[in-house]
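Provided herewith is a single structure, encoded as structure tokens, for subsequent inquiry.
Naming follows writing order (A, B and C), and every chain is counted from residue 1.
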């Protein structure tokens, strides 16, 4: 049952990330193959890095449903994106769910593979953000690291809350849900209220002795 | 004999990709080390990703001829590129051969390592396109995913034709050659006639009920 | 004692690279999480690639001190960067030390894992330059491959001198120090005197028979 939940989370996360890749492909007016590649890169990028670093079999090579999901999403977006009004809003919210779910999933897998908590948190965050990072690099878009609202921070919160709770023995379902809700709520604040962390500023006016 | 053919295909693919990397280095007026790095990154990038994802020993660590080829190509291009008139044409055609050969080779290795057909096709396509993708990112050039003519599509066709034929038991030499010819022919149409897939367009004027 | 020396070199290299990542984050006015991610990507990027390609356990998953160093450096730079006058000078010199040390370390680990000399040299150079390469790509800065002064060349020299000496049986401490000093001296010449390799130039005026 738990492993079913994990697979469903994983497929959902891959699907929403793939959708953000497809939407970037539509903005860049790519062809159908470009849609497929952007959806796939974004959908499976983070999990691929996670599995490669943990020396596990790569999830989408073992189970081809993940690729089918990415390619299906690419097709749907190529043909139906214009139907979807306000699709950037959809993109943002879908991405927020994927971000939180993938952070927790990545951290969970890392802990299961024997990683200690701090690397597990970092691997969770990577799982959630790496696909988007390469999506933006390949498409020549402004990197998500340079955008103002909380994003990677939400991934960090999800992975952190989950990892700390799981390390203290809180039941897995509870720590999973709490981790997802925490990161999603933070990201929701970023989307809706424009929450952001203070950015570094050249404090030129200040003087130091 | 088959494995000889594979090694020759592989060395040839690495050499032509390395050459495209070297030519980009010449366009960006890099120094000799830059030539070496661009040639090597482009030449071995795709196969490195393939081997890392399939958890095989990385081919150029095991067999140093691949690095020698990349570095030799870098030297040749650094000193003789001006001799070669119309070298962008050469680049395009060499790249087309490498693209088709690497797609088939990547898919073949994936199947041999036990991958199912769909992941094998994706891995074949990645093997062929990843080196060029990082070449363009590192050099700050427009990504091949954003260019109009068929490119990744040709890689997909090569990997797909080969994988389907091989999965149905067609002799390896025949499926290999058919796969290479199919992808090369498609890419040739892209270079010569400007073939391209329809790009996604904002269908703003259309109305939906 | 030798392995202590290696760990110290490694932690130092990670720290100075992390610092260059943090300083780029300050230039791009990122938030604290951005600092953490840039410092971590830059600090551990090269070694991660090295370990993944050599199919070793990833160093920062096994030993979480590396992440602590990156995050600590990110915090320090976020809060104290304005204190440091002329921090770009510091960045350059710290980076020069890390570059030389990481090249030697990467080549050493590759040789130890059974690689032959040429791949070991390439892996050493990759270990030293890959973190900076992704730092520049993610931050949208001009790639270090496109900058005029010797940089990758110094990494190549360090890895090359070390690997050749070690292959001829020179004691490890001696080849390590010589390798580091050679690459550092070359890079120092690049920083101080602007040493550079001749760049490829379109020799349009020349005629060939």
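Methods note: a residue touches a chain if its C-beta (ideal position, glycine included) is under 8 Å from a C-beta of that chain, and two chains touch if they have at least 3 such contacts.
This one's a predicted model, so the numbers in the text were calculated from it and none came from an experiment.
Two copies of one chain, chain A and chain B, touch each other, and the residues they use overlap weakly: the shared fraction of interface numbers falls below half.
In this entry, chain A maps onto chain C through a rotation of 120 degrees when their C-alpha atoms are superposed, rounded to the nearest 5.
If you average the CA atoms of chain A and of chain B, the two centres end up 29 Å from each other.
Multi-chain contact residues of chain B (touching two or more other chains): 52, 55, 137. Across the interface of their complex, chain C is touched by residues 25-26, 28-35, 37-38, 40, 48, 52, 55, 57-58, 60-61, 64, 67-68, 78, 81-83, 137-140 of chain B. Against chain B, in their complex, chain C makes its touches with residues 52-55, 110, 115-116, 118-119, 122-123, 129, 133, 137, 142-143, 145-146, 150, 152-153, 156, 196-204, 206, 208.
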